[in-house]
Amino acid sequence: MPLLKVDNLKVHYPIRGGFFRTIKDYVKAVDGISFSIHEGETYGLVGESGCGKTTTGRTIIGLNKATDGKVLLDTGSELVDLTKLSRKEFRKYRSDIQMIFQDPYSSLNVRKRVRDIIAEPLRNFESLTPEEEEQRIIDALAKVGLGPEAMFKYPHQFSGGQRQRIGIARALVINPRLIIADEPVSALDVSVQAQVLNFMKDIQKDYNLSYLFISHDLGVVRHMCDRIGIMYNGRLVEEGTTEDIFENPQHLYTKRLLSAIPNTDPKKRYENKKLREEINREYEAKTRQFFDENGRIYDLKPISATHYVAMP
Amino acid sequence: MVKYIFKRVLAMIPQLFILSILVFLLTKAMPGDPISQAFIGNPNLDPAVLEELKEKAGLNDPWHIQYVRWISRLIQGDLGNSYVHKISIAKLLGDRFSNTIILGLATLVLTYLIAIPLGIIAGRYQDSWADKMIVGYNYVSYAVPLFVFALLMLFIFGFRLGLVPTSGSVDPQVTKGTMEYYLSRLHHLILPATTAALLSTVGTIQYLRNEIIDTKYKDFVKTARAKGTSEKVVYNRHILRNSLLPIAAFLGTDIVNILGGSIFIEQIFGYPGIGQLFVSSILQRDYSVVVVLVMLSGFLALLGTLLSDIILSIVDPRIRLED
Amino acid sequence: MLSQQQLLQINELTTSFRIGDEYYPAVDHLSLTVHENEVVAIVGESGCGKSALALSIMKLHQKENTKIEGEILFQGKNLVPLSVDELNRYRGKEIGMIFQDPMTALNPLMRIGQQIEESMKNHLKMTKEEMKNRAIELLAKVGIPDPERTYYQYPHELSGGMRQRVVIAIAIACEPKLLIADEPTTALDVTIQAQILDLLRDMQKEMKTGIILITHDLGVVAEMADRVAVMYAGQIVEIADVYTLFTNPLHPYTRSLFNSLPSAEHVQERLHVIQGMVPSLKNLPRHGCRFAGRIPWIDESAHEKNPQMREVEKDHWVRCTCWKHFKFPEEAEVRNYAVT
Amino acid sequence: MNSVDLNVEQKETEKIEAPTGLAVIWRELIKDKLALFSFVLLIGLVLFIYIYSFFLNQDEITKIDLMNIFARPNAQNWLGTDYGGRDVFGQLIIGARNSLTIGFLITLTTSLIGITLGVISGYFGGWVDYVIMRFIDFILVLPTLMIVIVFVSIVPDYNVFHFIFIMSLFYWTSKARLIRSKTLAERELDYVSASKTLGTPDWKIILFQVLPNLSSIIIVNMTLNLAGNIGIETGLSYLGFGLPESVPSLGTLISYSTNPDVMQNKWWVWLPAALLILVLMLCINFVGQALKRAADARQRLG
Amino acid sequence: MKKRNYFLLTLFIVLGLLLTACGGSDDKTSGGKSDEKEDEVQLIDPEKDFPKKVDKRDDAIEGGTITYAIVKDSPFEGVLDYNFYQDAYDADIIKFFAEPIFAFDENYEITNDLPSAAKFEVNDDLTQIKVTIQDGVYWHNGEPLEAEDYAYSFYIIGHPDYDGIRYGDDMISDIVGMEAYHKGETDVIEGIEILNDKELTITWTEPKASLFKGIWPYAAPKDYIGEIPVGELSGHEKIRVNPIGFGPFKVKNIVPGESVEFVAFEDYYKGKPQLDGVIVRTVPTATIVEEIKNGNVDIASFPTDQYQIGMDTPGYELLAAMENAYTYIGFKLGRWDAEQGQVVQDRETPLQDKALRQAFAYAMDNASIAQNFYKGLRTPATTLIIPFFTEFHNPDLEGYTYNPEKAKEILDEAGYIDVDGDGFREDKDGNPMVFNFASMSGGETAEPIAMYYIQNWQDVGLNVQLLEGRLHDFNAFYDRVQNDDPAIDIYQAAWGTGTDPNPYGLYSKYTSFNLARWDNDESERLLTEGQSLEAAKDIELRKEIYNKWQELMLEEVPVVPTLYRYELVAVNDRVAYYTVDPADTDFGWHQVAVTE
């Protein structure tokens, strides 16, 4: 039984217009996707901007409202459909799912000391004495490699990487089982990015965490994920293990995406370019095979035990 | 566009409707009434006639009946009659309304004529001497009460220097329609409009200055410079147009403010417009006029916001009026 | 490298920004040469001064709080002392510029056509008709599908990729000899990035333009550059042709950078972490090897007192002697150091 | 995110160094000599006015003295007397106190309404926002001055509190709009999302997360508003719809200048009040501008 | 540090502006007057210090134009017809082009002895008048003035659709058949009989003692406006834009609410006017003095509260005339019973005690107010019939002069003693007394005067408070006073008397204008007698009756007259002839001329 099962999730935003703000149309940000995440696993959700990957993550944790579909969380005793919960009811499961945000600058309230930032979930869910609370904070900070003196500082006194770690400490302090990481390193410089990525891997091992890792950077995704779903236009076009995706991409879009990654070997640049051109030609030629008459992506079909492709 | 405008105008109706009830109630709550006040201090008149006149005018009915009567006449395009002036309000407004509109327009135009160059100078040469002068002027005009300033202007330019007429909207001796007539009106307009404009520039200068300073460092300005565009053109074509845009958005509020200010300006410069009429109507409890004037101002303000939306949609390609 | 005409020669350029009452150099005595038909990439993390360098060449900084010293010789003519009017003869005509963010680089109130024509209007004596034709031609050239329609469109009607193409069209409108591309693809998605890079590369070849490519992405460098300069803390720490640098990076910073990069091509267990943080402009170390503080396990004596660029092999220059002594620490150590 | 121009590089440095809240404001004040001077002057004036007025006997000051009408400034009446033979200096102090109090209270009440509605509107969005915004649009187009004048003629025992009440009815809208737009921006920031995912209830997020981040904007706005609100009754007093004369205010004193005789020959009656208002407003403005700069720097932090 | 400079700079700009504004006149006042300020207040006796007319007719030239100012803060209403106007300012304009058909003598009674458009005969019992229109009187449109025109005035005022306020006057409503006409029952007023083009008779249902003063003297140009329905008349162009009369000047152009241009009417029956024309325009109070000084206006009423600045500027002369009005303070004693149509004096208030009212009256320092606030341009009032009515005003009555000691004495005697030592007297039973004093806003000095009275009363131990701590605007004030708001105990108001001295309309128990709601049999008897036929015929008798009444009112003091008023009129030196004396029967606008 997977820890989290997303079943045919849809998020449609109404476009309102006119004086009476009537609904004119919908933006189908997420249009029916299904996947599941197992315990201790990192599931990567990849795609270009606007493909719906962030919306998916935010919907799972209840920041957006789902239009349709289910998000089933295995709490150990029962399966809970998170989409059906009010914000109040959701509180019970907050400690199972937590989130790490993209921008380490805006995700921490600059007005608060680190201590208060990390204590926020504790104060919401547990009634602790100040001493207990302090101990928990120190523990959490230690988990992310920061000393207890950090407690009394403000976010701006830390570097981007450190701030991202404070964000992670905040998520970790209530011992979640699943962390949704929405582009956790895309705002960071390469050197700092490495730090955070290493560290995320470390704590995953230490606490048997599951990640939903949302990113547009295929390099990072390959480094981090066990399984990957490729999203396009609010739908999944391909899903499989990291190896499936990178070594044996099937869907045209996946191929195109992979070919677009700049290769760090300058000698291969002409080769790459040729490959890209080829794939582009193929993409233009065969689009109809991969999209139905409405331009919608087909449902996923298995081509191996782990590998699914959106095919007719 | 036409459809949009139509819808917007339609949407004004409920707003004006609420406003009308509000104002109607408020005016009815004012102590005294327009007819009684004519009798006070006139012991030769018979109080019985007063009652008769009040009854005839329907002033003794409960307010909702008066309101329904009033609104149903309004819907038929009849603004009603002034109790005090004994004339239909439409006629009463005639010249006064156009006076206020002309004064308002002149003020608006002058405001922009003064504020835009100053705002540009202040923004472009930020922290220069000129900028500091302009900002200083801005602070002072923010702090000086309108009527004190207006009186000072009147005394200096009207009386000490004798450059401009000191009251009225037109010379009584000129005949309507002649060149002389229009020149005379213009002559009478200069001082009140300039005075009002000098003080109402505050917001615009401030805003334009900030906007220019903001825009100055935007990427597309860098792009323009990178093309080898001269500074003059960079300012005129790129920075200015983008900075002026938000000012159009203030047209609606500008109109509200100028109408509010006209109450003072008209009072001080003896300029017969609706502001002056409003104050005297309040004092004389000429309800019907008060209500119409408030509604009219509200309507003008609504029109102003509509106008600024339309202007914005024309100037700014990013904004499209949805139907 | 092919021996070519020198196009741009930067000598001892120092660009300082005022913070409070003092000036702090963001670019510190930097020298660099760009040849015709050559793509020189300048790579480094944010705050290393690479963008300051790009803007210094065209003097597009805020005048009030920037100081530029040194020499920028464009075809032998020093641009630094020129007035804005004199510079305008070069801007757009001889040197074109591509900005990072296509969303903000275009004037939202002007039609695309006008914006492209502007530089032609500034520099070329052309009729309206000619300008329009050329603008449409340029739009076609940068791969815009319906150039005639786009000519009349406003920026907001175009997607990010399309806008960046327009920005490029603007930059090449007068066929400049030098293009400065400041992170031209950072704001774009990978697939679009690939297209834009290909476009740039093709055009560069066709027009034999020299390009200064500012980027933080080593992948982009590998795809585009002929020569690479690695910048750290306002200085170039290593410069070499692209093949040499990618196969044999020498400076500890360059090597750390490569090692910390996750790759889509192969799987690494752990990434290298550069210790500490990028120093801010105000706190830049001004003496000795500026990278020394971030490789504390290397003995101090390995660094030069006053590190200089040295040619270690043909056309491969490295700053400071510490590269000779540099090695990555063991993994256990890495974890220790990472915890700060 | 590897944004590149100079601003960002400067921002980067400030990011590291900027302290929070009051400290920035204080630093900004100290740096700007004019603002500091204004601040000291302002505090001095306000303290003087409130403390001094505490020792003044209002009945004594407003006592009509027919033998002493329009006395020029002299040893007894430092600023002479008005047309009732009343001491102008005393009226100036009490008037300034009243005007300041009115300014403070109007600022306070409008802020309270404006912030509450603005934050609610911006934070929740949707139909709540729609309704509040339409309401604000409605109030914005109201001919405020006219309605206030009508209102004044209705209330029989029109006093300071009625005045504050009426003004507060109309003057909160721009504040609500400002706060709404800032809240909208703030709401999109991840720290709000983070708080939501951490199970913090909305009201707590609004009160303890969003509001503190808006505080500098609120402070700046309140300061600048205060300047405007102090002078707010002057105009109404001129039209004769201001406060009753028995409640001295700067507006009453200034509106004596409507009489050309007073305007030209009895400068001591109205000029001190006009100058005091000017000085107060300028001081508040200069301080406000310094605060604004401080707030901007803070904003860069966000 | 540079910024400091512009802080100062802004201050300098403002100061600079101020100085330029005040500069001119500042030295004048500071030079001469500052020292004398405290020791003496220059006293003026308006009767002696100001002339009533200017007459330099020897230097006058033919032609010229003068500007006549209407001092008013809002536009004039423009109801330019005697039958309809309500606002005195409109009357001020009408007088240039329209006139009564009769002439009035120095007692404001109609006379046949002066040149006039019509002569009359009255029958013995004063029930009928026969009016004969003179020849040679023409309307501005060239039509002759006819009997029908005079009759038409009554047809307008009596008409059911008439929206003016003149109908109630019994000189109109008591015309035979008028009531039926007013109710719309008939088209003809029986009592108005047109004998021929030039003659008509008007008959009243009962003798009219005040016929000579009260008869409606205005005609309406029937040829011109007869076609227009009466209901539409007041708003009609022929009244608003192109009104006509048979007065000395013709309306040439009206800028609504703002100004009127008149030109001489060549065919004026008293002779062609000297002037070519007159321009009438409204001028705000705030600027009138400047306008006068600058010579922008030639004749204007001069605001008394700005008298100080105007005093010594050359170029114009100030004329003074007593206004037919007085200010008074009234004590609310009862209420108006609309059903019965009479006053019921039933309020439970210590003010019912005459002694208390007298004490109030003695405590008031009207003389100081007149001198200090008005520089003598108002004088302490003595009786309720103003000196304007020279025949009936009793100059021997001193009225209540300021005498706080006397007030205290009266109070002590009557038993109003301060028992609890709070400085205020309690009533006879030892209960605290607080009186609310209502006064009107408007007018420069209204507030300090009200406060001064309160101080006066408080000085003698009467606890009077300003109603709601503020003054109330005209309408709010009268609304509450008329409706007998129990919150008001004492009020200050003013009455305009018109030209009829008869105080019945203000003080009879049957009139709602008896605002004090005072009901006294003796007063009622005197008032009725005063307007009886006998009294009308016998002026001595009437004098005696009104004398008694004045004395009675002083004794009973339901109201205390406080001030009589003088109006100042500024006349430019170029004006050759003008008078403000209402008794100057020679005066006519056609004689006004200029010297240059």
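So that you can tell them apart, the chains are marked A, B, C, D and E in the order they are listed, and the count of residues begins at 1 in each.
By definition in this document, a contact is a pair of C-beta atoms (placed from the backbone, for glycine too) under 8 Å apart; a residue touches a chain by one contact, two chains touch by 3 or more.
These numbers come from a predicted model, not from an experiment.
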> What is the set of chains touching both chain D and chain E?
Replying inline: B
> Using C-alpha centroids, which chain lies at the maximum separation from chain C?
Replying inline: E
> Given the two chain pairs A-C and B-C, which is bridged by the higher number of C-beta pairs in contact?
Replying inline: A-C
> Using CA atom averages as chain centres, what separation in Å is found between chain C and chain D?
Replying inline: 49
> With chain centres defined as C-alpha means, what is the inter-centre distance between chain B and chain D in Å?
Replying inline: 24
>> For chain A versus chain E, what separation do you get between their C-alpha means, in angstrom?
In response: 87
>> Averaging over Cα atoms per chain, report the distance between chain B and chain E in Å.
In response: 36
> Considering chain B alone, which of its residues make contact with at least two other chains?
Replying inline: 30-31, 139-140, 144, 151, 155, 217, 219, 222, 267, 279
>> I need the residues of chain D touching at least two other chains; which ones are they?
In response: 1-2, 5, 16, 153, 156, 258, 260, 263-264, 278, 282
> Which residues belonging to chain A are in contact with no fewer than two other chains?
Replying inline: 189
> For chain B, which residues are in contact with chain D within the complex?
Replying inline: 15, 18-19, 22-23, 26-27, 29-31, 139-140, 142-148, 151, 155, 217, 219, 222, 252-253, 256, 259-260, 263-264, 267, 278-279, 282, 290, 293-294, 297-298, 301-302, 304-305
>> For the complex, give me every residue of chain D touching chain B.
In response: 5, 7, 137-138, 140-147, 149-151, 153-154, 156, 227-228, 231, 234-235, 238-239, 251, 254-255, 257-258, 260, 263-264, 270, 274, 277-278, 281-282, 285
> Where on chain D is chain E touching in the complex?
Replying inline: 32-34, 37-38, 62-64, 66-72, 83-86, 153, 156-159, 240, 244-247, 258-261, 263-265, 267, 271, 275, 278-279, 282, 286
> In the complex of these two chains, what residues of chain E are touching chain B?
Replying inline: 2-3, 5-7, 9-10, 13-14, 17-18, 20-21, 24, 73-75, 77-79, 84, 86-87, 163-170, 173, 214, 234-235, 240, 253, 255-261, 279-284, 286-287, 290-291, 293-294, 296, 473-476, 478-480, 482, 494-498, 500, 505-506, 511-513
> Residues of chain C touching chain A in their complex?
Replying inline: 45-46, 189-191, 193-194, 197-198, 201, 216-225, 242-243, 246, 256-258, 260-265, 267-268, 270-274, 277-278, 335, 338-340
